[in-house]
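These are the structures, in structure tokens.
Below are two complexes that have subunit A in common, paired first with subunit B and then with subunit C.
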Partner chain A sequence: MTRGQAIGRLALRRLAFAVPVLLVVSFALFVLAKASPFDPIERYFGVRIIGASPERVAQLRANWGVDEPVVSQYWAWLRHAVTGDLGDSLSLQQPVSAVIGDRLGWTVLLVSVGFTLALVLGLLLGTLAAWRQGSWLDRSITGGCYALEAAPVFWVGLAVLYVFALQLRWLPGGGVTTGSEPVSAGGVAAHLVLPVAVLAISQAPWFVLFVRQNLLESFTQDHVIGARARGLPDHLVVSGHALRTSLLPFLTLLGARLPELITGALLVETVFSWPGIARATVEAALNVDFALLGALTVMATGVVLVGNLLADVLYALADPRVALDG
Partner chain B sequence: MADLTWRSAPRSRLTAASPPRSPKWRLLPSAIVLGVVALVVLVVPLFAELNEQYVDLAIANQPPSTAHLFGTDELGRDVLLRCVYALRVSLTVGVVAAVISAVAGTAVGALAGSIGGWFDRILMRVVDAIASVPHLLLGIVIVAILRPSLSAVIISIALTHWLTAARIVRSEVLSLRTRPFIDAAIAGGASRTQVLTRHLLPNVAPQVLLATTLMVPHAVWHETALSFLGLGLPPHAASIGNMINDAQRSLLIGGWWMSLAPGLLLIITTLAVSGLSGVWRDRLNPKRRTELTW
Partner chain C sequence: MRRALLLAVVLLAGCSSPDGSTTGPATSIVIGAGSEPENLNPVLGYAPDGAAKIFDGLVSRDASLALKPALAQELPTASADGLTWTAKLRKDITFSDGSPLTADDVVFTYRSVVDKKVNSTIASRFDALAGVVAKDPATVEFTLSYPYAPFAQQLALGIVPAARLTGTDINSAPFNTAPVGTGPYTVETWRKGDRMVLKANEKYWGGAPAIKSVTVVFVPDDNARATRMAAGEFDGTVLPPKLAQTYRDRSGYKIVRNPSADYRGLGIPSELPFTSSPQVRRAINLGINRQAMIDAVLAGSGKPASTPISPYLKDWYDEKTAFTFDVAEAEKLLDEAGWRKGADGKRAKDGQAAKLPVLYPAPDVLRKELALAAASDIAKLGIDAPVEATTFDIMLQRRKEAASVWGGGDPYDPDTAAYTLLHSKYAGQDGYVNMTLYKNSTVDTALDTARRSLDPATRKQAYHDFQEAYAADPGWAFLVFLDHTYVVRDRWNGQETQVEPHDHGLVHAVWWNLERWTPKP
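Right, the complex of A and B next:
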């Protein structure tokens, strides 16, 4: 069996784990929603339930199937979910798939740019800090990272919003358009700067510290000492020898950071009124809109599982020493 | 003619990581900060004849001054005083939630580790499955079901944070089970329960306590995020998240002090908690010292 086939088998095995996890998570959410004292029929009628005829209420109960056993309800949901019909959102009065479809693009834009920037920052600052270990530069970078790790991301967001959008007025501070302007690439780019920057600096500290730590460890490894002994200048030793080996574990950690990234994006979107899924999530939670909330949670779980799978495959591709039987 | 005098190579820093500075550097400031915070948070509400809910619209939206060190909010409430109460609430939530999740995690981890076999495998798969749901989202779902309240927030944090404790305890129990003193206990006729309660649990206790203290900042942060989203404590209750949430509106009219103070206090307190537990962790297992948490 070639290594390529082995990696393919690894991916298949992980996918085989992902499917039952998604089923279990969605079923658990379903049971939780059913166990809550909340009645979707009462929610639908609101105060009008007092005037509604019992026949109509009973008709709706039968139509919605709310009194059937949980398992058969879940099975009905699952059958429709597979065909792309995730039910209707009670709070937003739209099909769940339409709600997600409208907003997902904005979230993906924010998250992908933010994550890329966080990675670049992490690599640059982490390398700088390790290269000049013990210097004032190293100390200010690591110190700043610890402080940022402890700061809630929405607080950092508000601070940035206040300074750059409200006081200096350099950049717009909320939404994706100003006033009634149509959506344009330039406008979106300007509105993207602050949220992306906040998301990036809230995610970067962990990467910075990780790169720094791994680089410092690699400085004592034989191939780095060998490169230094041959008289190579420091910058070549770092970029050509130390970074290469110390970055390998980085790949798996990209996957491990995905839940934090989703959490961060949720909060950043709220601060900057970004039209992504965060607003919908909070609305859904406040209005006990389980169809929407459940779909969003299962989707986020799916993203995390696929991200972990991709990270592991990348790791296996990058490092031939990685065993593939795990 | 070329200059042949010997010049030493420029000093390179590409050497082994410099030894960490003595723990005193983390221990002292963290201990002092935590001591002051604990004193203020515990003692001030007992003795001071102050009401953090006191509304005085005549002094609303005042910037920091000598009378109100951190200014007043949009209802004329003193921000510093509210911060003290908020920190009290947030820390209580953090500690209670961390303790509950540590107990739950220890129970699951110890059962999985000591019973082993298919039971262990299934339990750990469940842990993996829950761990793949982003924490905050799962917390939001739980709060949505229970409706926002203090107990809902604590339950939602506990339900999302026990996984770490479960994993730690399980792996510790698995490694302890191979040690001779466990064999000796079994050979001496100890039952499964006796081995678990007399030998395994006491030996994982330090690790569990450490994990619990490391969990406190995480739990506080979680509570703050939920409250900020409007899914946490009731709006009138002072909590760090609620205060920052309220301060959002005032930010637009230039009231920066209302969000600055709670945020700074939270950062300083969580840094102190993780600083102290970091020192403790380095003592407990010096080999696993990492710089990822300080």
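Right, the complex of A and C next:
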């Protein structure tokens, strides 16, 4: 069996394993949502619940089947979901597919650009900091990272909004277009800068510190010491010898940071009124909107599973010593 | 280094970016809204009190909230027994897709609202409705199961075109986000979570609006909205009073403070032994310093509340029944009721301590501050009043032993706010009706009379009787009516103050009559 086949088998095995994981996660979600203190009917009515006639409220409970046991609710959802029918979002009065279709593109745009930027920042700054360990550059980079790790994304978002949209007026403060103008590439790019920057600088510190730490460790390893002893230029040793070996665990970190990224995206979308899926997720959770919540959870779980699989495959491709058994 | 990178990115993108403070012609307006509608379908509950922009009802309201005919030729009239209401439709009205409005559309709209399969949040407004039929293409007849005087108030609901919705599942119809109506505006785009763009309906039967384009941007966070308003992105927005104050001296802007019938009140449990006596409940009402609450919590933007009837509703409000802040009288009433102060300053009766827990829903900051203020006033009377954060559900479950901060109210007819809240037939029923289990037969009679009589003088008298009976035996401590504050660029004429209901996002609010605003020369 060649290594390529082995990697293919790994992927297949993981995908097969994903099915029970998705089932368990989605069921757990239904159980959790059911146990939540929020009442979907109450959330649906909002202030109109005050004074609403008890018969009408009871009728809606029956229409929605909210008082049915969680197993039968889950089964009803699953039966339709496997055929591709995701049902209707009760809180948004739209088919779930339409809710996701309207919003997913915007979130993918925000998250992919933000993640890439965070990655580039992480590699660049982490390498710089390790290379000049102990210098003012290193100290300011690591100091800045600790500060950003501690700062809530929400707060960073508002601060950036204040500086760049209000004081300097360089960039629009939210949404994807200005006023009533139609969507255009240039307009979206301008609106993308602040949310992406906030998402990236809130995620980058973890990458920066990780890269720095791993580089510092690899500086003490034989092959790096050997390369230095051979008199190779410093930048070559760092980029060619040290960075390469410390990149491997970095791949794993990427997979592990995905859920954090989704959380970060949610807060960024709220501050910048970005029309993405993350805000709909919170609404779905607060409204105990089973159909929407189920679809979104399966999607998020899928992203995390695929992300981790990709990280492992890349790991295996990068390092022939990595075993593929399990 | 990082800063330099970020700066480079920012500058690069900055080249193609429009300035945030675009000043377009005054025929367009950008509104920053704090909340986004879930849907735009009147059947499901969008804008049931009119000002719907995209739709018209049979009736609409002027600045003083008086009903005037809209899609109806004249105000709908009731038969002598109050059981049959007839509306004649205006001729030559078309929906924005060009199809004509007929009585069938009106019948379809109202039948759908009360349809059991439709998840409408406003169906209970039409509990009295027994049937609706089209007598001819321009006449609609409503039959009621009991005389219901405020029925005409409910006819501001927008009318939907039957042809667009017949045979579809209204609960998830595409119409809910891309509606068609008869109103002054049509929906051009609605990017959920971001913004909605409305375009003037040039063929509007009431005359084409002067403001041709309305962009509503949804920014739920108060601080983010304030920042974007300050950056010049919006022409108007709703802000908490304290944030709005920063515009007081800014030229080109004005602060608008609109009164509302949106009350916050403390529901006092009638079944708790301590508060089962009217004297004790009166004492609590007298011991609360409502004005101090308004000054401290609401930055002055509110009115004291004594009953669910707003002081701005001059037709109904009875100022004699207002509670004035009077600690001495409150202490006297508590003494008379047998709740006497002990050595520690705490009141007790027959070894039972005077205790009233005060609950509020945890996420609501305003209710929290009101709960704390009310509890501190109550504690000053020698009553133990611990404040607890909880959920609506728990507030309802504990309605027999704890007071809770509730809210609601609309300014159109006292019946909607008072009837289900205070009529004893709802005491002990499931749901958010008569949450304090209040029982007073004089109040019941007055509320019934006012609901069933068509004669305005009889109704007025009945509501005065209600307020008098209630003030002698208050089941609540209504605290405040909130004012809603807005900041608007001073570029348009035609704004009029209207007392607002709770809802003040896209509908109602300062832009309730946006279609009649005109750009300043």
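Simple rule for what comes next: the second predicted complex is superposed on the first by the 280 of 326 C-alpha atoms of A that agree within 3 Å, B and C clash if a C-alpha of one lies under 4 Å from a C-alpha of the other, contacts with A are read in each partner's own complex, and residues count from 1 in each chain.
By our rule, a residue touches a chain if its C-beta (ideal position, glycine included) is under 8 Å from a C-beta of that chain, and two chains touch if they have at least 3 such contacts.
In this text, all values refer to a predicted model and were calculated from it rather than measured experimentally.
By the document's definition of touching, of the two partners only subunit B reaches A:Thr142; subunit C does not. In the superposition on chain A, A:Thr245 makes contact with neither subunit B nor subunit C. In the superposition on chain A, contact of A:Ile262 is made with subunit B only, not with subunit C.
By the touch criterion defined above, A:Leu32 reaches subunit B but does not reach subunit C. In the superposition on chain A, A:Tyr162 contacts both subunit B and subunit C. By the touch criterion defined above, A:Thr270 reaches both subunit B and subunit C. Using the contact criterion defined above for the overlaid structures, shared-chain residue A:Gln73 touches neither subunit B nor subunit C, since it reaches no partner. In the superposition on chain A, the residues of subunit A contacting both subunit B and subunit C are 38, 158, 161-162, 166, 270-271. Subunit B makes touch with subunit A in their complex at residues 12-18, 126, 128-130, 132-138, 140-146, 217, 221, 224-225, 228-231, 240-241, 244, 247-248, 251-252, 254, 256, 259-260, 262-263, 266-267, 270-271, 274, 290-292, 294.
Across the complex, subunit C is touched by residues 37-39, 42, 44-60, 63-64, 88-95, 98-99, 102-103, 117, 121, 125, 128, 137, 141, 144, 157-158, 161-162, 164-166, 169-181, 186-187, 189-190, 192-193, 197, 201, 269-276, 279-280 of subunit A. Across the complex, subunit C meets subunit A through its residues 1-2, 5-6, 9-11, 13-14, 16-22, 24, 28, 30, 38-39, 41, 44-45, 116-117, 119, 121-124, 127, 169, 171-174, 176-177, 188, 191-195, 197, 213, 215, 217-221, 223-224, 227-228, 230-233, 391-394, 406-408, 416-417, 419-421, 429-433, 502-503. Partner subunit B is touched in their complex by these residues of subunit A: 21, 24-25, 29, 32-33, 35-36, 38, 131-135, 142, 146-147, 150-152, 154-155, 158-159, 161-162, 166, 206, 209-210, 212-213, 216-217, 219-220, 224, 228, 234, 237-238, 242, 258-260, 262-263, 266-267, 270-271, 281-282, 284-286, 288, 290, 293-294, 296-297, 300-301, 304-305, 308.
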